[in-house]
Amino acid sequence: MFRYALRRLIIMVPIGIIVTFIVYAMVFALPGDPIQALSGGKPLAPSVIAAKRAYYHLDDPLFSQYLHFMGNLLQGNLGQTFDGQDIGEQLALRWPVTLQLGLTALAIQTVFGLLFGIYAGWRRDGLVDRALLGATLAVLAVPGLVVMFFAQSVFSVQLGWFPVSGSADGWPTSYLLPATVLGVLGFAGLARITRTSLAEVAGADFVRTGRAKGLSPQRILWRHVLRNALLPVITYIGLDLAGTLGGAIITEGIYNLNGIGQFMFRSIGMKEGGVVVTLSTVLLIGYMVVNLIVDLLYGLLDPRVRHV
Amino acid sequence: MSDVLLQATGLAKHYDTAPRLRPGRAKSLVRAVDGVDLELRKGESLGIVGESGCGKSTLLRLLCALERPTAGSLTFDGQDVGRLRGAALRRWRRRVQVVFQDPYASLNPRMRVRDIIGEGYDIHPDAIPKQGRRRRVEELLELVGLEPAHADRFPHQFSGGQRQRIGIARGIALGPDVLLCDEPVSALDLSVQAQVVNLLLRLQRELGLSLVFVSHDLGVVRHVSDRIAVMYLGKVAEYADASRLYERPGHPYTQALLSAEPSLDRIRNPDAPRRRRIVLAGDPPSPVNPPSGCRFHTRCPVVRDVCRQVEPELAQVDGRLTACHFAGELLGADDGVVNASGAGREG
Amino acid sequence: MTATDTVEHTAPLLEVTDLTVEFDTQGGTLRAVDEVSWALHRGKTLVVLGESGSGKSVSTQAITGILDTPPGRVRAGSALFDGQDLIAIPEKQRRRIIGSRISLVFQDALSALNPVHTVGRQIAELYQVHRGMSRKDAMRRAADMLDRVGIPTARARVRDYPHEFSGGMRQRVMIAMALALGPEVLIADEPTTALDVTVQAQILELLEEIQQDSDMGVVLITHDLGVAAEIADDLVIMYAGRVIESGPTPLVLGDPAHPYTQGLLRSMPSSEMKGLELPAIPGTPPNMLRLPTGCPFRPRCPKAIDLCATERPALRALSSGGPRKTACHLADTLDTTETPSLAGGAS
Amino acid sequence: SSGSGSDDGASGGKKSVVVASKNEIPAINPAKDNSSTSIQLAWAMWAPLTDLDQKTGKLKYVVADSVTSKDARTWTIKLKPGWTFTNGEKLTAKAFVDTWNYTAYAPHGYKNNGFFSRIKGYDNLNPASGKPKKTTMSGLKVINDLTFRVTLDKAFSPYPTTLMYYGSVALAPEVLKDPDSYDHKPIGYGPYKLKSPWKAGQPVVMVRNKKYPLKGPEADQLTYRFFSNPETAYNEFLAGNVDYTIVPDTKGDTYKKDAPGKGAVSKAAVNMTYLVPPVNSAPYKDPKVRRALSLALDRKALTKLRAGSFPATSFTAPSLPGYREHTCGACTLDIAKAKQLLKQAGGFPGTLKMYYNSDDPGQRVFAEALGNMWRQSLGIKVAYVGKPAIDLSALFSKGKVDGMYLGGWGHDYPSIEDWLTPIVGSHGDVNGARYSNPALDKLIDEGNALADPAAAIKKYQAAEDLEAEQMPMIPLYHKPDAYLHAPGVEPLDSPYAGLNPVWSTVSR
Amino acid sequence: MSSPALVVATETEPTAEDAPAGAAALRELLRKPRFVLSGVVILVIVAMAAFPRLFTSADPTACNLRYSKIGPSAAHWFGYDIQGCDYFANVIYGARPSVLVSVSVSLVGFVVACTLGMLAGYFPGFVDGLVSRTADVLFALPGIVAMIVILQAFSARSVWTIAFVIVLLGWPAGMRLMRSTVLSVRSREYVLAARVLGATAPHILRKHIFPNSVAPLLSLTTLSVGVAVGTEAALTFLGIGLQPPTISWGLQIAIAASYRDDIHLFVFPALFLTLTVMSFMMMGDTVRDALDPKLRK
């Protein structure tokens, strides 16, 4: 198992190189001229454009641009955005915001998703199950934008329970409302998968053993059935967690949280290869580590799963 | 030796129950099967008996190449089974079928009995023409004492014995050369058991089927088997013709085993004292750390010093193979059961 | 003290009356258990014998309230334990009895164990839930229990998972689980089928020991007549969902009155039969969805008369008296001497 | 509320104003970054050389004491004494010259570089290719401590007006040694200064600059908070945490209900949204087609989609000196005439491509509305091409947009000239359609050379009339600044320059 | 025992009953009201996508900006949209792209995720490594960038290219879900039993692994019917989705989301979307239950 984990960690290096290159190439292939776009309404002097292009090596061929970027990256120099912000500084500023928001949301979403999913799967067609169906549909039909602004104007503006926006009040105050909304919007997937997965196990023979042992239905559910149904569930949570690292673009925008999602989004709009690649690399590592952990968890949760 | 169909040489299987990220649990190798030599002749039936957990099921899994042996080799008709790959392996599989010990777990819960039994025909379409399959499956059901109407049910709707019979029907469906049975009749009542045993024997007689028959029911094993291998802790302790073995067991473990067979004596003669049973002293040893020397020495009623150091080889004694230093001596004694040393308790 | 001497003044420990269980299937309603009654007394062992698929497992599941409903359904009947009807009382109340005062051993040990928990945990859970022990203490007790049922190096193996155990070892885990809390009633569904005779003897002895210490009543389902003969005080024989014969063991086995019981006894393999077809009861067990009219055994009965086809025989005491009951029109007239019986029969 | 800047607990009874602003900025340096936010911050932390009198609309001097020229080519700028940077350094003519040179030097990559392109010697600092050989412009000369001379390439009469643009302010000598390290702690000479160095991602908090020699604004503390989504700012306003915010497009219908009596719409509109047809390709080549397309638009209906906007009837911003209404004859809905013109021109073969910025949902909706009008009134086939802003702007500046393009402009200094040269001048900065009309260029040049502003305006108006004939751009609407402001806080409202929250009156 | 000895049956009776196994399951499904109900709704929606004219006679492109955002009335049930077009007609015509994208994305995505998930789960080692690491790479790619780059490569963007891109970048999630269940099912004893019969890997995957591990993926897929509609709308806003005047529910909902104060703009397409998704989800649930023999009667 440790050798398996080690192998998975080692293979991250070549994959990382491949991904950085692909991402770099893709950003390169994006249409548009970032320096031109920098100007906003006021056009830039051609000489300034030329100077900036030279500074950022934008006129070099793709490969040498990439090598240049990687060279700097390996020296720990993340470079600057086209409008002159220090990328490293920006990341340091934004990661905590995204992580606080994402993890809080994930926690809420997981709790909601599991509770709903577990009880819906355990008592199919019961009250919880029907409520879940309704909630899922609502979440799918109502756009996140609407929910978020609605929550903001009701809970923050009218009732004043939460700060309207920004992260000035720190965790948890500033993050509670956006995270809750994000969590509620995202819980349906987890809940539905938990539901089916649980339903698959609910009829197993060991449930009967549990009853024969005089265990309460709750104990049978939580101690016996759940663990058997957990493989797809933790897989999904892992996917969610990995997604969390990328930040929530819309949420961060609406709640004015300076997170990774907004940064990434803006950087893509500006063809900021450096930012996009750096973030993608972090995401890749995060994703692969999360997946590795999930894969290792398989073996712990279900001893019949063995890694070779 | 041309009639030897299946030959195992030094077959061993060790399971690595490595710690799962849990500290304080040393790496441990379970020596489930630890060097077994066997041969199965064509048309012969070989019984395997032995203590629970001694590696019988594991041995069967090795014999049908479901598990890769840790050591040793398996040949079928002179061909190295370990080398078979792809289509050749699949063709070979058709000739060696298994009836699993756990009837329920080995049936796909989402398949109807008809599809379970007929699956072999899907896999080997040349086994039987398509039109005849349905009938054939129903015939097989009847052969094992079930109703054709059962064909459309799912496994969970059957009783334990019925499931076991579904497994048997699947095992014989393809008309294999070798049938490996892991306790195929343990959950059957005597009458159905008799039917199934008769069926197997008739297949053996008429079609030359070779049987490997694992069972704890010594009566059934005796009835079915031509030869019997007695296993103890991953090894063969004694290997002999059935009648010879039952009449004069040569290994102390075999003796203990036979003496423990429950009987109807109490009914036959309610007033008679219960039969003497050799109850083995001490705990059964663990396959993780098998005892040194003779594996049986920790519980052997006739143990001597040499047993603790030297591991006895399977040796020819009195027309059988026995892995005991004192087999000759034991068989020399008049009474099969040695009462020496008082290690045998009365039961 | 033999079973016949038992004066049944005391109220039975567990009394099942007219239990009827049905299943909804594609083919219609299947009556798996039909008006089954029996009684178990303190310190006694009741063995349920019978044809495979005759409703033995289902009836025990029904009285302990663990039958899957739907598709199953308890149609009628009661199961009195300690003044409470197990079938009628609410689930919460039943939970206080099942598991601690009445415990069960399932037939299919692998499926019945939770694959993702160590066997130790599954046993320890009982101590934690019913006795409120700490996890550590419970684990220790679990290891003790495994040790008592003869699992080698139990202390280490409590940390293993069910799939790492052999068939017989799993069965012993189930037994350990059932005995863990010192129940008043143990219902064991073919608990020793996967055990070799030495271990089986050990387990049966363990049961006997406990029974002597604590007056535990045991309901044992088995197909092994030897086992039945050795430990049963009373026998219940089932066929097609019904009890067709019941009474003290020596009477039922020594002098079977029902043609099915007689056939069963005849089917037992013995050394003389070696190489011959075993005399199975002709025909197949009935289709439970379409039972024949009258006596369900009629189509296979060598002695059937016209009455058997029209009228279903009730379970009644023989005219010769005694505690034995039989469900056969001809029970009184049949000449029992010519039928095989264990008394003086084959030996 | 007391306009609680989030990190301002100590300001007690002081007057504090919080402004919600759109984009975050990379640095507080109006020369380096000339985004509208940067310029707004410069309003607070710097002071302009010249300005418009808010009552009369006439030019007045702020930092400059005078800006004079005889030939409209060589300008002498005299500074008032007594101005100092917040670090204590004196504001001198040299600071201006050094800053302007620094900014105009191409390799520095300062965004405001282009502002100095009229100055003689600019080309030496901005060669077509390669590294510039010089670091100073020959047209700049320090005369004495408080006087410097600017020589332009060509005569340009509105020059003093251009100096009200905050891109022409001076950076402190200390800053010029290493400007990058002062990105977050600028040194200015305006009415406010930073309370403490600004941290990226945080609001910009400013307090009064005691060294400011003039009468400062009323608020003791001024805070800018940045919001990427205007609706978030809107909600913050409703919650009372922000004193100023713009009215989001989507709230055009409802803001009066949400915040009754709190809206302020500028009397001045300094911007315009217009369509740019690809004038050099058929069928747009024909001015008749362009007029027809313009005539078919129901501008009144279109402004429904843009909260607070009103239809454009001319080619310049209404607040300008010399602005005339209805110079655009084709800017009122007249479908019959449109059809007739189109018929004369031979119809509209093929498909009209309507480009829009796909990053902005509002633009998509707007483009579709335009398309629907052409399709339904003129029977023209319309195809829509949505492209990300970065892509579209590059295409436009390269002259590669082969359909209708939505353009927008707001002037840097209040002169009709600033609506002509960049948009329709042959080498105009935003002349993406590459419209070129020598007659029009000539009129602009003539106007530029006239030192008398009134005379110059006449020339510019003649150019505008030419535009009305040719329709190189199709005016659509103006959108004045619309702010929501908290009760007790009134923005400065100049009919010539629009709303300015920096100079609010605070009466609470 | 009266049965004959084991001789291979050669008589070839015509057995008409060799009906496909699915037929029985289908018949059983048809008896469930939920299945029938959701089936009917799906049929109606599909009909709407195929023949919008059957449902409305109004021209969805007849617009007058002066009627912009007017609410429902007797003549215009759903009112007018922002452009002043009849909203009912627009919602009806919006069905086609929505249904095409969502159904094709879900179906193809299901097949791809299912196949790759089964391969990865069943063949640990190289195949798993290849599939899983490819998934890692795809997952780590910033989706927007990848979509823009890929979609720019298509000269004509249609529903199909959009569906293609969503599937291309979306399968890793489903794949991992499938893989997780396959990993635990592959070691079950009935799989061993099939191997003993000489079954090929495809046979085992199809007959044993698939039915016993598909449920979680199935529920993810029914959910993705709704998610795909949203993704398509998001693409449109990135300028790489469907071009106007093509309309879709996702787009309508997304546009309406910015004009939140005119509820009717948002309610009607959302209603249709909800109906569709609900039908697929209910259908998915009933199919899952039908596949579970323990729940069968």
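To keep things simple, chains are lettered A, B, C, D and E as they appear, and every chain counts its residues starting from 1.
Note that in this section contacts are C-beta pairs under 8 Å (C-beta built on N, C-alpha and C of every residue); 3 or more make two chains touch, one makes a residue touch a chain.
Protein identities per chain, from UniProt: A, E = ABC transporter permease; B = Dipeptide ABC transporter ATP-binding protein; C = ABC transporter ATP-binding protein.
None of these values were measured; they are calculated from a predicted model.
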{"item": "Each chain counted as touching subunit C and subunit E (ABC transporter permease) at once", "value": "A, B"}
{"item": "Two chains joined by the most C-beta pairs in contact, as defined above", "value": "B-C"}
{"item": "Relative to subunit C, chain with the most remote C-alpha centre", "value": "D"}
{"item": "Far-end chain from subunit B, centres as C-alpha averages", "value": "D"}
{"item": "Geometric centre distance via CA averages, subunit D-subunit A (ABC transporter permease), whole Å", "value": "39"}
{"item": "Subunit D and subunit E (ABC transporter permease), separation of their C-alpha mean positions in angstrom", "value": "49"}
{"item": "Where subunit B and subunit C are represented by their mean Cα positions, the distance between them in whole Å", "value": "26"}
{"item": "Length of the line joining the C-alpha centres of subunit C and subunit D, rounded to whole Å", "value": "93"}
{"item": "Residue list for subunit C, restricted to those that touch at least two other chains", "value": "25-26, 68, 108, 111, 163-164, 280, 284"}
{"item": "Subunit D, residues touching no fewer than two other chains", "value": "359, 387-388, 391"}
{"item": "Subunit B, residues touching no fewer than two other chains", "value": "102, 104-105, 142, 145, 195, 198, 202"}
{"item": "Parts of subunit C lying in touch with subunit B, wherever the complex brings them together", "value": "2, 23, 25-27, 49-54, 56-58, 107-111, 147, 150-153, 156-157, 159-160, 164-169, 171-172, 189-190, 193-202, 204-205, 223-227, 229-230, 249-250, 253-254, 263-265, 267-271, 273-274, 277-281, 284-285, 287, 289, 342-345, 347"}
{"item": "Contact set on subunit D toward subunit E (ABC transporter permease) in their complex", "value": "250, 253-254, 298, 301-302, 304-305, 357-359, 361-362, 364-365, 367-369, 371-373, 375-376, 383-388, 391"}
{"item": "For the subunit A (ABC transporter permease) and subunit C complex, residues of the former touching the latter", "value": "203-206, 208-216, 219, 223-224, 227-228, 301-304"}
{"item": "Complex contact set, residues of subunit D against subunit A (ABC transporter permease)", "value": "6-7, 24, 26-27, 32-36, 106-111, 113-114, 117, 125-129, 132, 180, 183, 200-201, 225-229, 231-232, 235-236, 238-239, 241, 359, 387-394, 397, 408-410, 412, 422, 429-430"}
{"item": "Touch list for subunit E (ABC transporter permease) against partner subunit A (ABC transporter permease), complex", "value": "124-125, 129, 132-133, 136-137, 139-142, 144-146, 148-149, 152, 173, 176-177, 179-181, 183-184, 187-188, 215-216, 218-220, 222-223, 226-227, 230, 253-254, 257-258, 260, 266, 270-271, 273-274, 277-278, 281-282, 285, 288-289, 292, 294-295"}
